[in-house]
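Consider the two complexes below, in which chain A is the common component and chain B and chain C are the respective partners.
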Partner chain A sequence: MRPANPAVSAAAPARARRRLGVRHLAVAFPVLSLVFAGIGAALGETFYLRLATEALILAGLAISVDILLGYTGLLSLGQALYFGLGAYTAAFLLGQGAVGFWGALLASLALATPVALLAGLVAIRSKGVYFILITFGLAQVAAKAVYNTRELGGSDGLVGVPVLQADFGLFRVDLGSPVAFFLLMLALIMGLYAGLNYLMHTPFGRTLVAIRSNEHRVRFLGFDPWRYKLAAYVVAANVAALCGALYPMLRGFVSPELLYFKMSADAVITVILGGVGTLIGPIYGSVALVGLRTVLGSWTEHYHMIIGALFMLAVIFMPRGFAGLFDRSEGDPAQDEGEGT
Partner chain B sequence: MTEAIEYLQFVLAPQMLNGLTIGVAVVLVALGLSIIFGLLDVVNMAHGEFYALGAFVSMSLYGLGVSFWLALVLVPLIVLPIGYLIERGLIQRVYQHDQRHVLTLLLTVGLSIIMEDAFHLIYGPNTMRPENPLPGSTEILGVIVPNYRLFLLAVGAATIVATWLVIYRTRLGAMIRAAAFDKHMTASLGVPVLRVYAGTFAFGVALAGFAGVLLAPIYSVFPTMGHDFVLLAFTAVIVGGIGSFYGAVIAGLLLAQIQAISSLYISPHWSDPLLFAIMVAVLVVRPQGLFNWMGRS
Partner chain C sequence: MSAPAAILEVEKLKVSFGGLKAVNDVSFSVRRGSVTSVIGPNGAGKSTLFNLICGAIAPDGGRVRLNGNDVTGWPPNRIARAGLARSFQITNLFFDLTVEENLRLAAQALEPGGKLLQPKRRSERANAKVRELLERFELSHKARELAGYLSHGEQRRLEIAVALAGEPELLLLDEPTQGMSHGDTADTSRMIRELARDITILLIEHDIELVMGLSHWVVVMHQGQKLSEGPPEQVRADPAVRRAYLGEA
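== the complex of A and B ==
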């Protein structure tokens, strides 16, 4: 039997135990975050709260990579494309005063869906490495195009995004308040996690995992892997675009850097460090990476080297990441079997 | 009529020649990429950084008083062992993993991040430009060609031919192709497959480093120089078919030519999207690229 990723194909009892472990992580995260928010609010903190909010936004991008890599077996090196698309759409419309909070989010999704459908049509038709390289190239080309388009602010990007009020009917959230934005983002990311976690346990999600394990068999069972992969790609793009749309609301500006390879690579690093195929791992990974970058960045501007080295060590020695530590299916035969091609 | 000839002589022909020189350099980079993939199944995302490494090492050598001609020989010889050690020490560690495609690629992504930052750290963010070792120009059929570009063209073409000879006409090349075709069978015949792997990786990145030295006097040397160039090489490799020798050569020359000629009519900013659109069009018709994998050719 060809072993699939141990994180998703562990034997049944081990899987139950594992989910328990990962579920603990999923409960611990909002609890710790609320404690953090409480302390931050009590101290009147701004910097760290906003930084944590950014970590949560970037966690959304990482989750989007995880849907593809961890559940469908597709590595995207250009997920920043959709993050940037969402960010630019929101910044552009908000800058014009054309839409409010909800309008910006909806517009990002409305734009990301057709773009992802089109890009997915080409990228998913081409298998294996071609998919990786096409997603990589697409994002690079889009970044260059944005960089050279004056209407989108060129290399400066778009500035002057107003501070918003998010209207939830019963109450309003003032996004100018760091605590309020953090709590909103926490609710959103945990909602995304819960929703996607549910989705991955529906027959649709199960089929994705099956495709990741063995695409040929899935085809023999009468499913069309192509459609499932495309659907996963579009879902992932929408997740990235949604979180991208929140970025200018936090930072007040967007720049072409949001589309650069560094963004996409950081998202992949986050997923690997946090734990691929767990959805919650990338959230921890994002907080860890943003924290690490801030701490290291205060010592040296050459922190990329350290993060790159850490990433390589993780790939070699701990490819299942932080959340993988909570997966107690260590002695699983599917893992030891590891064969070469 | 004279207008047409003048256009050809002063606008089109020089531009096509530019395209050809860049094309030869792109082929050198794309070939390394393609050979590494064809044999090791590794997509080397750090390939652009090895191209930059070649250029930076040459700048250091010039600083030590080494001449361009000596640097041209020394740089590949310096990059070669670096590539060998990286393959043996890092990339070979994840070969046994069932996710090796993804893991090896991720390793090279990490490597590219480290290398780019290292260039920043050691050489600073500023753009450097080595002296042109062959100033002046020659007139060929009424077209004025800078001497250095002619030299680049000749050396690049010779390197491509030499690479072809090694891969398709020597015993070493036969071993490499055999290892690409069936690793276990080749190993059982006594070929040290793992060393062949490391050697091939080293050779591929040395080619990129060589291209870095050659192109440094034309473009400049700066830490992110690998990014832009490698995108063109990647596009060439995808269009030509990953792991195909002929594909890399033909697609590399063709794409560089398209880029050069199109830049006469559209802003050079848009040549990347144009090349990308061509790549997508090729992939829609032939998802595996134009040519076949070298293990089977």
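== the complex of A and C ==
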């Protein structure tokens, strides 16, 4: 069949080439999730819906790592600090009955911002491996402090977080319903993705990418890299804290493990598996990792060894992560597509 | 306020690394609208002098004045904002970003801070600058390519284009013909001459013929000190310069 219109045939190869772009992963994710939620609701499923909701919450922590690692070139091994901060703030206030859904979220952001500013002032002054060590150290100190604070439940953590109603003015979401919570979390994580994706394409975001690429040169163009890195650090901390605040709403409790190194390290692994510098990759990565852990964990208690081996294989065969498989541009996925100029 | 005739004044600038006096009591000034060159054998302290002027390293003593303002000890980003841009001897670009993005980032300095969080297309002045530079430096067809994939000559051109993107008043070029073929060197020489029509240039170069043909004023460095300065013919005739440098060639 010959194309009737030559303009259409000329445009076709370009469209075909873009068919599998990273952006399409961002469309596919909510679509697949809605199908999943529909099936889950129809079957009256609870376990997998709640597990998927947890994966989305952890995806927020991974996105927080990706802002720093994928866009700013900073490896934080302590992002669990902010996740835990948000979780504990929400659990503590909700347990007291002091706040509702929105109050808990706002309180964790209000606390994460000054903490991140202070920690960032210390951590970002140091370069390279020292930044990694300081972020690691800060999270370890915080975890130990929480572990030893009786008011925060010590090693047991805080339990008895009530089931909430999230009031959206026009409608209310009952967080006791697994489907409703899943859909709320899906909307939130896609909203975060859209907002951060926008941010990373503004001149501010492009300057972060430039800092990751060649910090030395940025300075001679008239920009102070330090300010940009601090801003990125605070944004990332707020993303982690926001998602952390949702954790006790889902699970009903928090424990010091939320601040442990394993949380931070899992988030980094999630980002690397999903695709560094893509924002959407870590969301897929989180679902994959939580899924793997559950499936393998039901077979053997030594599932960490299998995940470790799979991680190594993934790094060898998909060096740019899952999302990297869909990225046709050369260089790295944080690369801009050049629209707007 | 009328602008001073000298855009850059360097006064008794000095720095040492360990016991080595890399730059020792160097003074000179750059007249607005001129091309001034710093020449000297390897290790004469030319690049260190550049690093002191643009804020990459802090001097142990002396002053740097840009447009009459004392900028001694300012960080490089502040000096850049004050109107000084530089290129690097060893190509220093965002190699994993596109040519267009390299320029866009540099041109963003033209925009007020309020545009930072708006979509890029709102930074009209920066975007217009990018298009202008892509054309002027014959890089339009490479706009979407990664800077790291350009040829050496193209990278050297982009290096200068990036330095120009912030519309500096004074441009420091550190060996712009480094590693270039003879033909490319001639092109670069022509380009510098063109640039000099609307911008003040301070140049480090070891291609003497290029320097002599381009410059209004030449400063000769030797072992960290200023050996001589003057118009090209005068410097060329200076016996001390011939002994220290030109005689070797």
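A few points about this structure:
One rule holds for everything that comes next: the second predicted complex is superposed on the first by the 303 of 341 C-alpha atoms of A that agree within 3 Å, B and C clash if a C-alpha of one lies under 4 Å from a C-alpha of the other, contacts with A are read in each partner's own complex, and residues count from 1 in each chain.
FYI, a contact is a pair of C-beta atoms (placed from the backbone, for glycine too) under 8 Å apart; a residue touches a chain by one contact, two chains touch by 3 or more.
What you see is a predicted model, and the numbers here were worked out from it, not measured in a lab.
By the touch criterion defined above, A:Thr135 lies against neither chain B nor chain C after alignment on the C-alpha atoms of chain A. When both complexes are overlaid on chain A, the residue A:Met312 reaches chain B alone and has no touch with chain C. When chain A is checked against chain B and against chain C, the one touching more of its residues turns out to be B. By the touch criterion defined above, A:Thr89 reaches neither chain B nor chain C.
Contact with chain C, but none with chain B, is seen for A:His216 once the two complexes are overlaid on the shared chain.
Overlap of the chain B and chain C interfaces on chain A: residues 338-341. Across the interface of their complex, chain C is touched by residues 198-199, 201-204, 206-207, 209-210, 213-214, 216-224, 330-332, 335-336, 338-341 of chain A.
Chain C makes touch with chain A in their complex at residues 54, 56, 75-78, 80-81, 85-86, 88, 92-98, 100-101, 104-106, 108-109, 111, 115-121, 123, 126-127, 130-131, 143-144, 146, 148-149, 162, 165-166. Against chain B, in their complex, chain A makes its touches with residues 2-5, 69, 75, 77, 122, 125-130, 132-134, 136-138, 140-141, 144-145, 148, 261, 265, 268-269, 272, 302, 304-305, 307-309, 311-312, 315-316, 319, 337-341. Against chain A, the residues of chain B that register as touching in their complex are 37, 41, 43, 45, 90, 93-103, 105-107, 109-114, 116-118, 120-121, 183, 227, 231, 234-235, 238, 242, 267, 269-270, 272-273, 276, 279-280, 283-284, 287-288.
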